[in-house]
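Two complexes follow with chain A in common, the first pairing it with chain B and the second with chain C.
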Partner chain A sequence: MQDQISRAEAIGAAPGAIIHEDTAAKWFLVSSVAYFFIVGIIALLIAAKFVWPDLMGTISWLSYGRLRPLHVNGMLFGWLLAADMGLAFYVIPRLCGVKLWSEKLGMATAALWNIIVLGAVVCLLAGFNQGWEYGELPFFLDVLVVVAWILFGLNVFMTVAQRKYQAMYVTIWYTMGCILWTAFVYLTGNFATLFTTGTNQANLNWMYVHNAVGLIFTPIGLALAYYFIPRAANTPLHSHKLSMVGFWSLAFVYVWTGAHHMIHGPISQWLQTIAIAFSVMLLIPVWAVVYNLFATMKGQWHQLRESVPLKFLMSGVVFYLLTCFQGPMHSLRTVSAIVSKTDWIPGHAHMAVLGAFSFFAIAGTYFVVPKLWNKALHSQSLANWSYWMLMIGGIGFYVTLWLGGFWQGWQWNTWTIPFIDTVVALKPIWIVRFVSGVMMFTGIVMFAYNVMATALGTHEESAA
Partner chain B sequence: MFKKADTSALWAVILSLVLFFVGGILTTIVPPMVDHTWAKPFENNDPAKGPTGKLVPLSELELKGRAIYQREGCWYCHTQQIRTLLADTKRYGWKGVDAPISTPDEFVYDNPHMFGTKRTGPDLARVGGKYDTQWHRTHFRNPRDLVKGSIMPTYPWIVNDPKEFEALVAYMQTLGRAKDWRPNHDYEK
Partner chain C sequence: MRDYTYPSIIFAYVFFAILAGLAVFFFARTLRQGYWGKDSEDVKFKMLEDDDTDRRLP
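== the complex of A and B ==
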């Protein structure tokens, strides 16, 4: 079992065995990297507005309330999910020992995805916002997302159905799980909500918001980590059994936790308690996965010095561990009373989506781009710099917001302090956040430039 | 049972969905069937049980204002929920009177819901009737003219459009008013 990955890949890697076209993977990756850069500009702009609130304040479509959903949707769907889909198109055929079921369908999916993202930019800036977090996109775009997801899922499932190796590596389950769960989670958050109001609707909304991270980005992110860590380190996965524990406990536990977004809020106390209990149980799948990935690196840590993908991957695992320790703790009523609704929360959320899952996707992109274009990476040193920029900028961002948010929460709980004083107090925090954002954006520029320069470059070197 | 999913994709699919749907159904479809306060509009005529009042659907003008609130993303920075925390009831009270805790029956007509997740600005669940129209006009034009140190954006395109401004203020004055929580009906217009 332990050497499953090397077995599964042995034939695929042999010269002349299967020639993967990878056009769909390339389309997804190139567009996602472009959105990472473009939406990064939006991110900087909204971080700047915390420090200089009058910045572009007279232009309605550049106001904070229009740009924030664009930042969130652009990063989640334009960058991260698109990159994940592109990497899945690379990984799944290789683990199955066959070609992607339909390259043309994959390209059509990528084209449709770009239409959705561009539609989202126009709609969100114009203020066509459905009013649900993560579910802002107008109805017709929601429908297109569902169509694109079905096309993506069909391609993956047909590839799996035609696989050459009967045993499926853990990455395949996580990818299939992601496709199935996403379908229902997305329908709940964007369609079922249409038929409800008030607390009932909020409950469905939070089920979606929470599971957008827990059952969309987590499984596809872990799918990539499970593939790229053993691959980049050239070492077998530590334990197949432990990966089963992680996967099946995730499948059962995650979906219960949505109501922890409304702790102390206008929603039934017993539902809050259920959400808290299951949030704490999340430690099981998380620690099973993290232990497995750490143990895989046993005796191999020295490789981090030379390998940029491994640096991103293992830092991502650490951030995943931290963010998934915070999550269950936030759900506790006493902790929630302090950190909920404060700036702590964006610090936590960015560590999950940027620190863990985007790091996995960046690592995957750095790993596959030279292979896809059959060229050496444009610059190893630039890649290394991009890591340090994203890492230091990221930590600056997360830690600063935790400190600021915690402080804010204490101030709010002392109700004699006027609210505006708690705003003014956070000004230094927001300045550091903006500076950290500049560093992170610099890292994104270096990453995007490196990828594009490799793809477009003329060096016809063969990848190492 | 789980071992079989190693080699059978179909079995993996079935098992992932079954495990998912246990929690999925129990936490989304079942709760509103168990807790009927989620769907029953607030109504109370007995002062002994807390603030009296009745939740009524918004007027056309107020709904228009709500749509503006939704369009501008006000809900990204302002929550609408007085939580079961002493600090919330004190901080969002008015003239020494504590704000009543928000209950599901006050939000039955809300679509989309505006509970929010982040308080970059103060909670607005009980803001209705706290400030008069002229205050809101000045505040939307430039919040810093009234509240030094505020980081709220300016909204000239709303203030300069009398119809939009009227609608938005009409909506805001309804917030938290289903419960008649202030002594002597003391609300600003």
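== the complex of A and C ==
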């Protein structure tokens, strides 16, 4: 009489409980973790090329100019945004108390996203590149990104529209904000730039680059942190009202800051000043978020000893605070005169995208994968090791490029030093960068293996 | 080549103005819908209660 047993009874859920299929979330997460590993290899090759510039000789598709855009786009869109989308498909239906609006549409979105990422790999390695920072993808892939984003946004907004609970938790606010802001930022950075030239094009491009981090990865990253920190610690958020202060101040402040990458460049002084003023104002949403998440952990810090997701989450919050202190300081004219265009910039960008937002995504993945596949995590010990590898390697990377960038900038500002001497002088910095990269890649391998072994393995069923 | 500088700047600023207007509109709605009132903290407790929905087919 197996057929007469309801699905809810079969899995031990309470009668009337919602059964989440989560297929779309699984597809996104598995592919994003695979890309994290693959693009990690590219990252390692790039770091090695800084130390051994002749590595791989003159093979055009393995040259720095081809690999670097692949690394940037692969990490941003192949790993991080895909992982964030998968986690959003897990989180949003649960916060709304309903199933995902369309699981099939979510799976179609995941399939399209994989086509985009694989297309990017082929095009960028082959040299089909629009030549704009973060906007390297060829036009037809840009169009596909817009289509995929509309499908993703439609699914999330329709799920929210049919929610069971009227009041929306801050994670839903940030996720919806991310969807709308991404539309604005991506269209401006990849389409409006087609119709401009020279300085105006550069200005629009930098607005896109900065807001790709600030209005795409920041809101979706914070959405996940606001969900997973209370859930992993099993303790309520310190203040929902304060989280709304952070959300709305981000909404009104962030979009103006992109021009701080053009300080001392050929743009209007008033635009530079506005960018500086709004960059400093960013401290408001940042401190609102960081205080809220730290206060949530009050009396709960002991849980970090046992919980790998919490380790990643709270380290991510610290890196978020640090990188968002670097950003406003970088925007100041005096600081920018030293660090602009130096190694300081990738150090800062990596602390944001890897140290903060990737840590949130890794934590979320570790948290949800055992629940999605209804199995215990393959290895807690390996998860712990992956944290320490990414943490120690990351600190080595960020600190080295931060200090190395200052050193590089001071050399560039000393006109008597020939440029090539500044390149040679940076070699010790790049050796530490490579060693740190090896550690980080080891952490990525451990994370990816652990997730895949959990998903594909035959480990015992989770008690959760 | 035609210069699209002004159309593109106008496009960007109009797009921004639309989004800023929407932000103001939705912010005003949060005031009306009680996100800043005395019951605004209830939602942070509610989000911890979704464990019952957290099961799926084997």
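The working rule: the second predicted complex is superposed on the first by the 445 of 464 C-alpha atoms of A that agree within 3 Å, B and C clash if a C-alpha of one lies under 4 Å from a C-alpha of the other, contacts with A are read in each partner's own complex, and residues count from 1 in each chain.
The rule is simple: contacts are C-beta pairs under 8 Å (C-beta built on N, C-alpha and C of every residue); 3 or more make two chains touch, one makes a residue touch a chain.
From a predicted model like this one, the values you see are computed outputs, not experimental measurements.
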Both complexes share chain A, so when I overlay them there, do chain B and chain C fit or clash?
clash
After the superposition on A, what does A:Arg94 contact: first (chain B), second (chain C), both or neither?
second
Looking at A:Pro230, would you say it contacts chain B, chain C, both, or neither? Reply first, second, both or neither.
second
Which partner does A:Ala251 reach: the first (chain B), the second (chain C), both, or neither?
both
Is A:Ser268 in contact with chain B, with chain C, with both, or with neither (first, second, both, neither)?
first
Who does A:Thr197 touch here: chain B (first), chain C (second), both, or neither?
both
Let me test your reading of the model: by the given contact rule, A:Lys371 touches which partner, first (chain B), second (chain C), both or neither?
second
Determine, under the contact definition given at the top, whether A:Phe184 touches first (chain B), second (chain C), both, or neither.
both
According to the stated criteria, A:Leu137 is in contact with first (chain B), second (chain C), both, or neither; which is it?
neither
Residues of chain A touched, compared between chain B and chain C (which is higher):
B
With the two complexes superposed on chain A, say which partner A:Asp54 touches: chain B (first), chain C (second), both, or neither.
first
Dual-contact residues of chain A (chain B, chain C) 166-168, 180-181, 184, 188, 192, 196-197, 200, 204, 244, 248, 251-252, 255
In their shared complex, at which residues does chain A touch chain C?
7, 10-14, 17-22, 94-95, 97, 165-169, 171, 180-181, 184, 187-188, 192, 195-197, 200, 204, 227, 230-231, 234, 236-237, 239-241, 244, 248, 251-252, 255, 371-372, 374, 461, 464
In the complex of these two chains, what residues of chain C are touching chain A?
1, 3-5, 7-9, 11-12, 15-16, 19-20, 22-23, 27, 30, 33-36, 40-48, 50, 52-58
Residue ranges of chain A touching chain B (in the complex, touch as defined):
49-50, 53-54, 57-58, 60, 63-66, 68-69, 127-133, 157, 160-161, 166-168, 172-173, 176-177, 180-181, 184, 188, 192-193, 196-205, 207, 215, 244, 248, 251-256, 258-259, 261-262, 264-268, 271, 274-275, 278, 337, 341-343, 345-346, 412-415, 419-420, 423-424, 427
List of chain B residues in touch with chain A within their complex
2, 5-7, 9, 12-13, 15-17, 19-24, 26-28, 31-32, 34-35, 37-39, 70-77, 79, 81, 83-88, 90-91, 101-104, 106-122, 144, 147-157
